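Below is one structure; the comments refer to it alone.
Letters A, B, C and D name the chains as they come in the text, with residue numbers starting at 1 for each one.
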Amino acid sequence: MDSIERLTKKIVKFRNDRDWKQFHNPKDLALSLVLESIEVLEHFQWKNGIDLENYVNKNKDSISEELADVLYWVLLMSHDLDINIDKALENKLKLNNKKYPVEKSKGSAKKYNEL
Amino acid sequence: MDSIERLTKKIVKFRNDRDWKQFHNPKDLALSLVLESIEVLEHFQWKNGIDLENYVNKNKDSISEELADVLYWVLLMSHDLDINIDKALENKLKLNNKKYPVEKSKGSAKKYNEL
Amino acid sequence: MDSIERLTKKIVKFRNDRDWKQFHNPKDLALSLVLESIEVLEHFQWKNGIDLENYVNKNKDSISEELADVLYWVLLMSHDLDINIDKALENKLKLNNKKYPVEKSKGSAKKYNEL
Amino acid sequence: MDSIERLTKKIVKFRNDRDWKQFHNPKDLALSLVLESIEVLEHFQWKNGIDLENYVNKNKDSISEELADVLYWVLLMSHDLDINIDKALENKLKLNNKKYPVEKSKGSAKKYNEL
């Protein structure tokens, strides 16, 4: 089975086993997504340059855990809203391909509306 | 090929084609992850109850796009930090299984440290 | 002395006493501002309707603390960037007054570009 | 009149003139606070070192506007929850003074629980 499908099944089972669906509405799911993303970013607060690199190397396990939490909510929210997230990302890449054509955006950090 | 592996390859190719790796450090990747998560949440601002439900039904495509952006950064960041995000999520589910045993957490919205 | 001026002086003194200016750059100050704002919002996760109201009434002290943390970073960042935040807010209110004229926006939750 | 008191009065009047109180609950106010804080941080995305400094110097007006928006929500939320934010910040500084005694925290970026 496909990884996204397989992980989604495990996550939904985890929730169903605990009867937590009753607490889950899109707004609070999205808030959970934000809170877990912030925990990824929080790792890097007050760290820059070489300190940042060293920190990342030493704390990869802990950063992995936070990233996994973000993926957890992406997959659960996609499931609940009946979104095919695999296809949604494929579509987004096609859109970004048009917004950022290679010849215009190569090596440039500009936003698409500044290109 | 597995969906996570396949999507990651496409994302990395998208970046390499544009020579954008030079701008990508973990701190700014994590910030991108936060910004895109916030865009998911922003959809639901000032909306509650039945208004929220109606909004979600009418705006699924747009919400899908934002969720896809979040997944984009989860996969790119995992790639850059050499994290196996599939396995990281499996591990996280095992940890959560211990933190939230079914018999204690079933039907309860309490945090693990309040169970 | 004016409250914003007085609080700013206390905050800057608190930092100078600890010799923390060396760690403070605008990006990490802004990140602190985000993290503290998120802590305000985190209070309300999974709470809606009457539960939310009850929660707010019971946890006002704790919410006050998080809001004070947000104000701390607003004032410190304004100080470091040499921004007169009092005047900046007066100006913003004038701008918002034009973006949201009373006759058009009264009783409406629409964004200015939808009015 | 005191600056915080004066600004709060103007903000509340701005809202009352538009009859917007009906849309304001603590959860969505806190979300607004987060969204505006994020807009401050968004300025600094992909910018580091000397680029960051230059950017800040050139965009002070725009950053001021976002910081003013954050202050707007701090003051409005404090008003609605009947929080004396001036006193709350004074109290928080006293607490931080205990958590971070000068002799232990001087010149150190450590969190209070690591001191």
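Here, a residue touches a chain if its C-beta (ideal position, glycine included) is under 8 Å from a C-beta of that chain, and two chains touch if they have at least 3 such contacts.
Since the structure is predicted, the reported quantities are computational estimates derived from the model, not experimental observations.
**Student:** Would you mind naming the chains that touch chain B and likewise touch chain C?
**Tutor:** Touching chain B and chain C alike, sorted by label: A, D.
**Student:** Is the contact between chain A and chain B built from the same residue numbers on each copy (over half shared) or from different ones (under half shared)?
**Tutor:** same
**Student:** If I rank C-D and B-D by number of C-beta contact pairs, which comes first?
**Tutor:** Greater number of contacting C-beta pairs: C-D.
**Student:** From the mean C-alpha coordinate of chain B to that of chain D, what's the distance rounded to whole Å?
**Tutor:** 27
**Student:** Express in whole angstrom the distance between the two chain centres, defined as the mean CA positions of chain C and chain D.
**Tutor:** Using C-alpha averages as centres, the distance is 2 Å.
**Student:** In chain D, what residues contact two or more other chains?
**Tutor:** In chain D, the residues touching two or more other chains are 23, 25, 31, 34, 38, 41, 46, 48, 109.
**Student:** Show me the residue ranges of chain B that touch chain D in the complex, using the header's touch definition.
**Tutor:** On the chain B side, the touching residues are 23, 25, 27-28, 31-32, 34-35, 38, 41-42, 45-46, 48.
**Student:** For a test of understanding, state which residues of chain D touch chain C in their complex under the given definition.
**Tutor:** Those in contact with chain C are residues 2-5, 7, 10-11, 14, 17-20, 22-23, 25-27, 30-31, 33-34, 36-38, 40-41, 43-44, 47-48, 52, 56, 60, 63-65, 67-72, 74, 77-78, 81-83, 85-86, 88-93, 95-97, 100, 102, 105-109.
**Student:** Chain D touches which residues of chain A in the complex?
**Tutor:** Answer in residue numbers: 34, 46, 48-49, 109.
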